[in-house]
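A, B, C and D are the chain letters, set down in written order, and residue numbers restart from 1 in every chain.
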Amino acid sequence: MMTLTSYLMISTFLFLCGLVAVIARKNLIAVLLGIELILNASALNFVAYTRFVNNNLDGHIFPLFIIIVAAAEAAVGLAIVIRFFQIRESIHIDDATQLQS
Amino acid sequence: MEATYSLDVYTPVVILLFLGAITVVAALLLGKLVRPHNPSESKNTPYECGEQPVGTAWSFFNMRFYVIGLIFIIFDVESALMFPVAVIFKKMNEIGRGGLVLVEIMIFLSVLISGIAYCWRKGDLDWVKSYVPSKDTNNKQG
Amino acid sequence: MDNVIFIISTILTVGGALCVLLTKNVMHACVYLLTCLLGVAGLYVTLGADFVAATQLAVYVGGVVILMVFAVMLTGGPNSQSSNKFGIVKIPMMGNAKTYIIGIISAVIFGLMAYKVLSRVITSIQAGEAPVFTETVEKIGFMLVTDHVLAFEISSVLLLGALVGAAIIARPKRGV
Amino acid sequence: MNNTIVSYLSQFESYKGLLESFSSLFGEAGPGLLTFLVFLIGCILVVTVMATIGGLGTYAERKISADMQARMGPNRVGPYGLLQFLADGVKMFLKEDITPNTADKFIFGLAPLLALVGVFGTLAVLPFSSGFTLSNLNVGVFYLIGIGSLVGVAIFLGGYASNSKWSMLGGMRGASQIISYEIPVVLSLMAIVLMSGSLNFGGLVGAQGGLPQEWFIFHNPFTFIGFFVFFIGALAETNRAPFDLPEAESELVSGYHTEYSGMRFAFFALAEYIEVFVVCGVGAAAFLGGYKVPFNLGGEGIIGQVLQVLVFFGKTLALYYLVIMIRWTYPRLRVDQLMTLCWKYLTPMAIFNLIGCALWIYLLDSKSMWDMLAAFVGSMGTGGGH
């Protein structure tokens, strides 16, 4: 049950969900949710490999930094989304066509 | 405890989380048998002190809530990094390498302190942004 | 017990991810993301990464999800349907059939590619002795101040940059 | 490391006998089943005790407030009105369950569940005694912070889902208040982790002693300030007065649970009262010596365990009493004062404490004030003798 293959399948599934969410969603916040899923999938892969393949804890440091980067990314990304909403009154992704307001 | 990695220590966590969920669901389902149920139009409107509700509640928000959340998440992440270092600091001090770790902690914290000092300086931490104290009553702001 | 935790976490993760993808309400998507992240934390636990699991709980559940729901509320709530001056619906529905079909096609292509690459890897891996991870916190702390000290310090600069940048972006318009 | 109630019980002969009978009865699955059963009984015991304490908390709150205002308080149901909380519970159970028709039904139902799940999750690592800790996780403190933050999410979602202005304001205020005050709490707990060199509650309490001068609160001046920072932050994090802005009844009707009725409201209230107990327990364990009995009375046996549980509950309930006293003594803060207090006073103080503790360990070799005082007095004494 708890084999490397199952973990890899779960993380692939997470990644694909995130990918579809990023491509299909038209809501900027929902796109950010998809990015969170993708980052989680990659972090899960690191931990799974470090458990089953090589016996050190480097695979625990990496998810830590992935989580940190994800948090920073969420903070800045959401700030951009909110600012965008204040300027264009929309968070539709097709509205984001200009570089300068 | 055997030498193998066992997840038995997480059993109470799982049981307690389930107990929490089951308590809510069971109490609501059991209560359905005994409690009255006669909804009416006015009973189901949101409470607004007797007035008819105007519009939806999901609209008016202020940016400062987000800024608070922003500073919080930076500090949360910082604590996630600091906890392991805090755990080993005493042991490192005992083997004579405390100074090195102390310097590392200091650098880490000072960078973050400069961040919060910047936000403080720029007024992001002030809740009432437009409030400018006049000369005679300027002892309110911290 | 191991299998029970694994199965519960898998259900939470997979179900949460699917619902994030399929739900039409962005607030519900945030809640499903919460369950998905809880499930991933459970999976970390089954892999022996208890500190990473706790970090996942503290940073994601306490931080990122709250930030997400704040952002949803700040951008007009989940389902206000009025259109803005450009004639586009203010809060779009979460996508339409065309985008979903494109997304699923790309996912299938990527999945096939991943399968093509990974199948060799998976079959060739000799899953050796599962290591015993005890005292993970001490070891992670030791590694953070020795081997990975540069990443540790640089991450503080990253956080400073994120804080200052996001604060500047999020600051109300000048003169207010 | 990672010891649980099962690993404590397994040193007794009777448990080994039980284990053998289980093994003969269920074969291969025997030991696992027994472990599960012991955990289940322990969890149900803890949850029952906590629910009772949460119920009695409402009673104590009313009784103490009545005492402070020269009233009688509840005195009809049972002796001294002690069964008032049961009567309240039955009343809540029989109340109609109303969901506003504009509400977000899914999240409206989910919010009380999340609150209760988050609070129950924190009970797993609470150190009642050296043996009776449900699970002394390796990452106990951090786990508690993480799973406890579910309550903040639940409060926000509860306020959001009601689709009422009062609820929404209360939920927004609640979430921002809880996340703000988590920072000083976490930083002052981190100072304690720094002093004890351990992230699990067993190690945290084990680094202290039974007598007051061996507690962390009196260890050095920084931890002494740190305790008050922690306590104020914990008060705010559990939405207790004077920080009860999310449910300020004079401004926001009832805050985030305005639209909740019957059992759903009861779950929010129960979660709040249990959370107060949990943060008081964490304060007692981290700063006030936890379950350590003075002079190690009672030893390691069953009597010692009972004494330890009693000491832990005594310290925790003393803090609980203090919390209720504070509620009925101080007026409520304004929102801007609340945020100013958190970000401009408590957080800088907590960071200062953290650096101070690190310097104390490095420069003074983590000796406590009393050790140094004793050494100083001793050297004075010998100096005077010569």
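The rule we apply is simple: a contact is a pair of C-beta atoms (placed from the backbone, for glycine too) under 8 Å apart; a residue touches a chain by one contact, two chains touch by 3 or more.
Because the structure is a prediction, the values reported are computed rather than measured.
Of the two interfaces, A-C and B-C, the higher number of touching C-beta pairs belongs to A-C. One inter-chain figure worth recording: chain A and chain C are separated by 5 Å, centre to centre, where each centre is the mean of the chain's CA atoms. Between chain A and chain D the centroid-to-centroid distance comes to 33 Å (mean Cα coordinates, whole Å). With each centre defined as the average position of its C-alpha atoms, the distance from chain B to chain C rounds to 18 Å. Centre-to-centre separation of chain C and chain D, using mean CA positions: 29 Å. Among all residues of chain C, those that touch two or more other chains are 1-2, 46, 48, 51, 55-56, 58-59, 62-64, 66-67, 70-71, 73-74, 76, 78, 130-131, 133-134, 136-137, 140, 144, 155, 159, 162-163, 166-167, 170.
Looking at chain A, one finds that residues 64, 67-68, 71-72, 74-75, 78-79, 82 touch two or more other chains. Shown for chain D are the residues in touch with two or more other chains, namely 2, 35-36, 137, 142, 145, 160, 172, 175, 179, 182, 199. Taken as a graph of touching chains, this assembly has some other topology, since it is neither a line, a ring, a star nor fully connected.
Taken together, the chain C residues at the contact with chain B in this complex read 1-2, 4-5, 8, 45-46, 48, 51, 55, 58-59, 62-64, 66-67, 70-71, 73-74, 76-80, 130-134, 137-138, 140-142, 144-145, 149, 152-153, 155-157, 159-160, 162-164, 166-167, 170-172, 176. Every residue of chain C that touches chain A in the complex is listed here, in rising order: 2-3, 6-7, 10, 13-14, 17-18, 20-21, 26, 29-30, 33, 36-37, 40, 43-44, 46-49, 51-52, 55-56, 59-60, 63-64, 67-68, 70-72, 74-76, 84-86, 88-96, 99-100, 102-104, 106-107, 110-111, 114, 118, 122, 125, 127-131, 133, 136, 139-140, 143-144, 148, 151, 155, 158-159, 161-163, 165-167, 169-170, 173. Across the complex, chain B meets chain C through its residues 3-8, 10-11, 14, 56, 58-59, 61, 63, 65-67, 69-74, 76-81, 83-88, 91-92, 100-101, 104, 107-108, 111-112, 114-116, 118-119, 122, 124, 129-130.
Every residue of chain A that touches chain C in the complex is listed here, in rising order: 1-8, 10, 12-27, 29-30, 32-34, 36-37, 40, 43-44, 47-48, 50-53, 55, 57-61, 63-65, 67-76, 78-83, 85-86, 88-95.
The touching residues of chain B, when paired with chain A in their complex, are 63, 66, 70, 73-74, 76-77, 80-81.
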